[in-house]
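Pasting the structures in now, so scroll down.
Two complexes come next, and they have one chain in common, chain A, joined by chain B in the first and chain C in the second.
After this line comes the complex of A and B, so read on.
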């Protein structure tokens, strides 16, 4: 007990924890909700309840993605898993048999085996993660690097914050914007300069998908199309 | 700029979100549901409570709060109780990404409109929960109909937005508004480029799909009162029915905000510099005026057309709107590359 308290105190006063206090508290809440729902999902006796608990687990993982600044993956998680898959689950369950109250056929005698598999999976994944990242300092790169090519622009076309920051009030006609000018600006003004291109999360993902991973991406699309046509053929009996 | 502590800022943002969700709902219900509907049906509507019946809504809310919160005996109590909150949570998540001025926003997400379209699908879960947990066949049928309809119309909604995204070159709502303010149509930049002009087809598809997503008539099969009483809301009463009711019109207001940010230039009006600080104060008002314009269209159609049959409703989505929006995407893509 005392050892646990000392450990908690040690963790709570570490700089990694206190530097991002709100984020850490938010993570703790989300993770707690997620664990509770995951446990309830496999122990509940009602199919619809299980689907709804699964929804909470998926929503929490989307929240963690957003907390990590990866909002594209988070939004995709919500769109695909909650908006499509869980809705399909619920739709399917409710169209067939969706009885209220506990369903005896849901709880299985093989719970022991299930728990064993779960624990083994947890140990394997946990060991792999700890072993890989134990001694690696995670480097935080700039989430939105801004690329810039020197350019000339008409003062009338420049946004007001850029004019003010570069001291161009009263000037007319073409001006040259140099690298030094660009570097002197604040990031939120930089992104408004002509010739600047923001490489945000979305652009980075899009770049990766449509250059390095174009073949797997297209292959997945063809696979999904085949599944779609297959589903239509199976459903239409003529 | 005043720097606030993280927690203070979060509290201010939460209060702002509450205001942005709830404030438009009241005027929308009073102006359109009470007064405009009465006018179109040649009757007076509420007149007694307050001047010209303006306080009627407060009287109604008071009435609903007083009523007993009834749970059907066979209902699944937990799911039944939670369903209205899930629907309302979807509205609160939607408003997060809407910009109200150059610096007046809740979250400036890079993913903006994509996030909004993703969270708008959460309300389907709430409706299915309500339909199932009520232990009533009317509710069940209403819930299933609602889910089928919302899934079908989500596709044209997303595809209609694609045209705007291609033209603006960004998913960020704030940047979409700025793209309209700083854009020009064939070299003429006097009124910027509100995407309703260059994306008119997209706007029409978005408005139809939005009407269906809001389950407003003529797309009200899920709550068809002549067949299903009120669909998934049948067993609800008192404050939980009120939550569904608020959720319906609050979501209408927020979809109006999204439509005006995407197609009507959001907080910006032609003739003023989009960077001027004035917009941080005027922005929400301008937004509200545009929302009222969009809502006028929604309710005009609501009171004009009779209800679609279920098969007609599905055909309109799959055979008309989705192909049309795909054509719109192809044309926008070609024009974007060509110019």
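After this line comes the complex of A and C, so read on.
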């Protein structure tokens, strides 16, 4: 007990932990909710409850994606999984009348074997991960890179913070905003300068999907069509 | 944040999913556990993408989400067909191919 406390204190006071304390607290909460719901999902007897627990797990993983700076994947996760797949599962449950009460009286032998396989798998994966990646940090680049092209602008059209930061009070007419002017500004002000373009991950993702990964992208659309037709053919009545 | 905290979270999620696939008998619940496994893989992909500071991980995660949606559609259609033919969705009863 005391050893665990001293370990916890040691971890809590390490600089790499306190540097990103809010993120780590968020991660702990999300991970706790996620694992609890996942565990309840595979153990609960009620099928509808299992679907709802799955929904919590999927929402938590969307939160993890956003925590990692991939807001587009997080939004896609919410739209596709929570919006569509959970509804599909609920339809599946309702249409099959899968003993809505307590189903799945699994034999304890089977359960024991499943738990054994799961724990062994985790030990192997966990050992490999801890051995390989020990304490490597995820370093976040500037979350929103700001692109800038030098422009001229009318002083009257500039937002007040920009005028103050560039020392343009009292001037009228056209002024030239150069690269050096732009670089001297704070990021908060930078994004309000005319000619500045804020883009996050999304632009890069779009570029990647529609250039390097255009073939997999088109293949995905064919796959979805095939799955749609396949599902209709399999499930329709003769 | 450490890379390993995300990878280990995904590993636990993956193992819970494997446990679910192995112990559940209801077909719908087995498919749900498969979703859990795919989701664990997605967390790995996005974490590695953030770690390497490129978007390949995100792109692959989006493809995995699309494939998972297709898989659930076909899988649920098959469970529905099984229910219609046998009035049960118990995967352990599927042993017609047994010699």
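FYI, the second predicted complex is superposed on the first by the 174 of 238 C-alpha atoms of A that agree within 3 Å, B and C clash if a C-alpha of one lies under 4 Å from a C-alpha of the other, contacts with A are read in each partner's own complex, and residues count from 1 in each chain.
What we mean here is this: contacts are C-beta pairs under 8 Å (C-beta built on N, C-alpha and C of every residue); 3 or more make two chains touch, one makes a residue touch a chain.
What you see is a predicted model, and the numbers here were worked out from it, not measured in a lab.
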item	value
Touched partner set for A:161, first chain B, second chain C, both or neither	first
First, second, both or neither for A:118, with chain B first and chain C second	second
Partner chain in contact with A:27 - chain B first, chain C second, else both or neither	second
First, second, both or neither for A:134, with chain B first and chain C second	second
Partner chain in contact with A:150 - chain B first, chain C second, else both or neither	neither
Touched partner set for A:45, first chain B, second chain C, both or neither	neither
First, second, both or neither for A:55, with chain B first and chain C second	first
First, second, both or neither for A:78, with chain B first and chain C second	first
First (chain B), second (chain C), both or neither touched by A:95	both
When both partners are placed on the shared chain, which of chain B and chain C touches more of chain A	C
Overlapping contact positions on chain A, where the chain C interface meets the chain B interface	72, 76, 84, 91, 95, 98, 201
List of chain A residues in touch with chain B within their complex	22, 46, 48-49, 52, 55, 71-72, 74-76, 78-79, 82-84, 86-87, 90-91, 94-95, 98, 100-101, 144, 159-161, 200-202
Touch list for chain B against partner chain A, complex	6-7, 10, 74-76, 79, 109-111, 114-115, 117-119, 121-122, 124-125, 128-129, 131-133, 135, 140, 143-144, 147-148, 151, 154, 171, 182, 273-276
List of chain A residues in touch with chain C within their complex	16, 20, 23-24, 27, 31, 34-35, 38-39, 41-42, 47, 50-51, 54, 57-58, 61, 64-65, 67-70, 72-73, 76-77, 80-81, 84-85, 88-89, 91-93, 95-99, 103-104, 106, 110-111, 113-115, 117-119, 121-122, 125-126, 129-130, 133-141, 201, 204-205, 208-209, 213, 216-217, 220, 223-224, 226-228, 230-232, 234-235, 237
Residues on chain C engaged by chain A in the complex (per definition of touch)	1-9, 11-20, 22-29, 31-33, 35-36, 39, 42-43, 46-47, 49-51, 53-59, 61-63, 65-74, 76-81, 83-84, 89
